[in-house]
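Structure first, then comments.
The chains carry the letters A, B, C and D, assigned in the order they are written, with residues numbered from 1 in each.
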Amino acid sequence: MSYETSYRLAVRDALAEELERDSTVVLLGEDVRIGGVFNATPELFDRFGPERILDTPISEMGFTAAAFGAAVRGLRPVVEIMFGDFLGLVLDTLANQAAKYWYVSNEQASVPLTVRTTVGAGARFGAYHSQTPVGWLLGIAGLKIVAPATPADAKALTKAAIRDDNPVVVLEHKLLYGRKGEVADADAPVERIGAAAVRRGGGDVTVAAALASLEHSLTAAELLAGEGIEAEVIDLRSLRPLDRATLAESAAKTGRLVVVEEGPPTGGYAAEVVAAVVEAAGPTPVRRVTMPDLPIPFAASLEDAVLPGPDRIAAAVRSLVGEPATVPR
Amino acid sequence: MSYETSYRLAVRDALAEELERDSTVVLLGEDVRIGGVFNATPELFDRFGPERILDTPISEMGFTAAAFGAAVRGLRPVVEIMFGDFLGLVLDTLANQAAKYWYVSNEQASVPLTVRTTVGAGARFGAYHSQTPVGWLLGIAGLKIVAPATPADAKALTKAAIRDDNPVVVLEHKLLYGRKGEVADADAPVERIGAAAVRRGGGDVTVAAALASLEHSLTAAELLAGEGIEAEVIDLRSLRPLDRATLAESAAKTGRLVVVEEGPPTGGYAAEVVAAVVEAAGPTPVRRVTMPDLPIPFAASLEDAVLPGPDRIAAAVRSLVGEPATVPR
Amino acid sequence: MVSTASIQTRELERLYAQMLRIRLFEDEAHRLFMRNEIEGSIHLYQGQEAVAVGVCSLLEPPRDVVAATYRGHGVCLALGSEPARLFGELLGRENGLCGGRSGSMNVVDLEHGLLGCFAIVGGSLAAATGAALASKLRHDRGVAVAFFGDGAANQAYFHESINLAAVLGLPIVYVCENNQYGEFTPTAAVTAGGSIAARAAAYGLPGVVVDGNDVLAVRAAAAEAVERARSAGGPTLLEAQTYRHKGHSRHDDPRRYRPAGELEAWLERDPLAAAVARLEPEAAERMAAAAAREIADALDEARAAPPADPTRPASATKEPS
Amino acid sequence: MVSTASIQTRELERLYAQMLRIRLFEDEAHRLFMRNEIEGSIHLYQGQEAVAVGVCSLLEPPRDVVAATYRGHGVCLALGSEPARLFGELLGRENGLCGGRSGSMNVVDLEHGLLGCFAIVGGSLAAATGAALASKLRHDRGVAVAFFGDGAANQAYFHESINLAAVLGLPIVYVCENNQYGEFTPTAAVTAGGSIAARAAAYGLPGVVVDGNDVLAVRAAAAEAVERARSAGGPTLLEAQTYRHKGHSRHDDPRRYRPAGELEAWLERDPLAAAVARLEPEAAERMAAAAAREIADALDEARAAPPADPTRPASATKEPS
């Protein structure tokens, strides 16, 4: 029912299975034939040929907008944007065309478009190849965003994105591509987007994270357990929509919330998780653990200093635990 | 020391005064010569000529990116993006070029670029000409965002934006252009961006808003005063950076927070204000009053139903006041 | 046996009738707008009717699809959308083509092959390119048409879409409605090189200029381009020279930016006048009466429809039920 | 009296010396990268040196400014940036041209006229267009140069920037470094029309193809274009045909996507070999030794510099003190 593979090949296998199952699925992007610069699409061209796996010009705007039009007309395109940093070039298409079409057309057609992109810092790629620009997308009604933190989810969420009838952005973290783990077989049921997962139980504080920040949060939780603090660690998985129920339930239980985001201190999912939880679970002591309000620097000495790692997460938890929690209801 | 004019002409006068004072200031945009489609730049061409007031092709990406380059090289360009809905086309330039340059270049040059744009719903302009897409910009380190709600601020914040050494986006609400009010003379001191303003004092709840939502909040406050509920209404004015001190001080006093945003329910400034206040002032009961998670519809019957007006604001306040406030400290 | 001349006359009659419906619809829309019965903004098509009609008369929707601009009423009607439902959309009624959700600028009518009217300048080129891609990959022999303004030729989507379509050999026709202005700015002031059709050469494509006020000329040029697309010959860039009689939108007064006499010169080349001159007066009168009746009835029907229903549950996403 | 021939020889010596510095710098950078002393990603310039050197040799920074790509070490050195500070940047040292904040891909060195290396494909065209606008409006007689790859010619900024520059008559030269590939994809597979220089005609501009491996040819073509720009004659599009000897970046193996023999054919046209063949062997040896010493010293200096300082207060915005 499952097999072991890497996050990278989990993405590839998800694509292969959907390409196999549904002849309207096509993959478009720069250098995807040869496997892409992160080698997440190897061998697909050999298997599916030039009408399913299309190399594009360096025209993110043009080919993503074309994929929108193609999606209205019966294809299920998967577009690869090489780096999430380039999403600015396709925001007009995502926000103004793809995400609005179902509603504005009065439900004449939906837009089953998947946009895969590689995000994340820590690889010394500098300010223009390291961002996780979730904030650009969080306020777009009609758009979904998934963020796999494990090989299993790289496969499961990619398949869920392709099967979804709406535009979905899949964020793949470049430092996770090499991670190994069990992933589901081709015949496993495909989930609907929107569920978070509790990755570790605990009663003292809720720590919500996504992508590479999940690992850091789990590491921090181990550190804290040694100090007698039990953190409940939630993997957000879907950043839009958020799984408010799971978050609120956990925060209501623990009475404290820390959100970890490898992104700028304002305007990201951390703000949204805080607001959603406080609205749903009532007043709660919270901390955000993010990067400082700076572009992501290149030099190792600078980049390491801005990443939200286990130590900073643990410190935020400790400072919160020092305050009174909200009374569990 | 002041004179009466409209929000529209307050913008124009701010531009005229800065064009007059500083020969490096130039205005670029579509149809700006003739005064722009909202007639916010009339007569500037006659007064300053073709080297200061430049009509551009319909090339938002190209001319905004060019304005970035020109700003590095000694100009202080003011770019007009006709509708805020089109900011998706210039996000790459704003986020990846203009906002990062000061830091990444190790402070070799800053980018004194102003981007003016018209936002806001209620004019029956439909899903592509009515948005206030603050969320696209909130997480961009290095960028500032101002949002004038009055004629005085239309002038003051536009001048502050032009004088600022960094990229600043000025959001002008299309329904406010006709508003009249006192504005400062040319010789008034120019403020630094970052201060909110308390527009109405009150001890029971803090209501934070911007742009057209400020008027609605003040109207709601009058309604509520009749019921014995005193709302403190804060005009955010600067959306990035937020004036956390003023917000936290007010919330600490009233113990309750409502944020009003004419935008989607997630990922906007409302989330950020909530998170910032809860971090700074401790656990606080909060409500967001926003639009539903839909594109903005055209028909009057549909658009009116999604706008966050005084009644919905007052209802949110009433529901909050029914809950215990945090204990003032 | 029917003579070639009478076939041509019959064809011209058909095309003229379409242009006339559009003209009367737009005149009526203008009146409704000036009285505030239509809110927001509208972009009128009077003067450009031959472009939409000449091109759309060749298409076979819904296999063929069209992306138009916010100045899209003409294309919409030429494709066969019901005028009552288009009026309904402009008036924000539940019977509107999009139930009042889109309004004038963003109409979608897939049943009649209208992928959409695109309010973001350039958006139509990109969306139609995608439709052409779908046709190519699904082997349905469909052709896509992108209408776009002269102003859009300076925009990113123009370049990226046409290059992509050329590289992939997509079945598409790009139709520039060159009405000499982008809003209040003359095309020549912002368009380097002087010719939009000539830009086709940059992508190795045929570029053709046509008199956009001569419906038969438009149809002939489009026929060649559509045939090329359908037979896997790739994209064509067609530039139709025309003129909008009204202002850009809303309440602008075109006298602020048009040289004296320019409108008058173009009015002498009115596409409807040119066509009607070649028809029997009685036939023309008959058609005029029919079109007037159709438009009046359509407006009545739209006015009788209820306003768009805000209580109907709505979601921005399509979910399995 | 100095003969024309000896002036030309002197000039070629100067150009060759520059190319050699770049070649040795890049070879060293490659070694550092393969040993992980340089982290992240680098894009090497071996094979393309004649383009940067031929063009930059004509410029007068900082009045003239240049925007380059992430494959920018060559342009950077050709403009006069200190190799020790460029190594420092690549190594993340405090002495780096940007104090380690930018890294290889995004170097800025305004003192030497480098507006920046642009990691977003197409960004260089737009930024340089803005610099040219500033020069024009400030009447400083400066010229801007945008280097960009063949792949960027299909990108939005190419179209919108060149149209804007042409309309405004800006003092700019667009230099396409056509190295036959965008990453792993051959230019011809994604570039409609077959010629990037020919796209200039779409904007009414002169488009010139030049042998990008012949430094004197590049210099001659650039001289004309720079002179045109400086004398208010507007933009030129120059396409330099060249080849990158190494992979696109990081660890890619070009044998996966290059036809057999292609690299070898281009190596026979190595720009350095072509130049050195026309110089006295002793002069060439002297220059080789000097360049080797310069690069070795520069690396020593960079290695001795401290890592970029994370404790230095930093802000994303410039604030009055």
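As a convention for this text, a contact is a pair of C-beta atoms (placed from the backbone, for glycine too) under 8 Å apart; a residue touches a chain by one contact, two chains touch by 3 or more.
Computed from a prediction, not measured in an experiment: that's the story for all the values here.
Engineer: Using the contact definition stated above, find the chains touching both chain A and chain D.
Structural biologist: Under the touch definition, chain A and chain D have B, C as mutual neighbours.
Engineer: Common contacts of chain B and chain D?
Structural biologist: A, C
Engineer: Which chain pair is joined by more contacting C-beta pairs, A-C or B-C?
Structural biologist: A-C
Engineer: Suppose chain centres are the mean of their C-alpha atoms. Which chain sits farthest from chain C?
Structural biologist: Checked the centroid distances; the maximum from chain C is D.
Engineer: For chain B and chain C, what's the span in angstrom between their mean Cα positions?
Structural biologist: About 36 Å, centre to centre.
Engineer: Any idea how many Å lie between the Cα centroids of chain C and chain D?
Structural biologist: 46
Engineer: As a quick test, compute the distance in whole Å between the mean CA positions of chain A and chain C.
Structural biologist: The answer is 40 Å.
Engineer: Roughly how far is chain A from chain B, going centre to centre by Cα mean, in whole Å?
Structural biologist: Distance between chain centres, rounded to whole Å: 29 Å.
Engineer: Chain B: which residues touch two or more other chains?
Structural biologist: Residues 56-57, 59, 61-62, 85-86, 89, 92-93, 96, 99-100, 103-104, 126-128, 141-142, 293-295, 297 of chain B touch two or more partner chains.
Engineer: Pull out every residue in chain C that's touching 2 or more other chains.
Structural biologist: Only 96, 101-102, 106, 120, 154-157, 159-160, 163, 167, 189-191, 314-316 qualify.
Engineer: Given which chains touch which, is the overall layout a line, a ring, a star, complete, or other?
Structural biologist: Basically all the chains touch each other, so complete.
Engineer: With touch defined as at the start, can you tell me which chain B residues reach chain A in the complex?
Structural biologist: Per the touch definition, chain B meets chain A at residues 85-86, 88-89, 91-96, 99-100, 103-104, 126-128, 133-142, 240, 242, 263-264, 266-268, 270-272, 274-276, 278-279, 282-288, 292-295, 297, 323, 326.
Engineer: Which residues of chain D touch chain A once you look at their complex with the stated criterion?
Structural biologist: Its residues touching chain A are 39-41, 92-93, 96, 99-106, 119-122, 151-152, 154-156, 182-185, 189-191, 252, 256-257, 307-310, 314-316.
Engineer: Can you list the chain B residues touching chain C in their complex?
Structural biologist: Residues in contact with chain C: 30-31, 33-34, 37, 55-59, 61-62, 85-86, 89, 123-129, 293-295, 297-302, 304-305.
Engineer: Please give the residue numbers of chain C that touch chain A in the complex, ascending.
Structural biologist: So the residues of chain C in touch with chain A come to 65, 67, 96-99, 101-102, 106, 108-111, 115-116, 118, 120, 123, 126-131, 133-135, 137-138, 144, 156-157, 159-161, 163-164, 167-168, 314-320.
Engineer: Provide the residue numbers of chain B that touch chain D in the complex, in ascending order.
Structural biologist: It is residues 24, 26, 51-52, 54, 56-57, 59, 61-63, 65-75, 92-93, 96-97, 99-110, 141-142, 144, 165-166, 192 of chain B that touch chain D.
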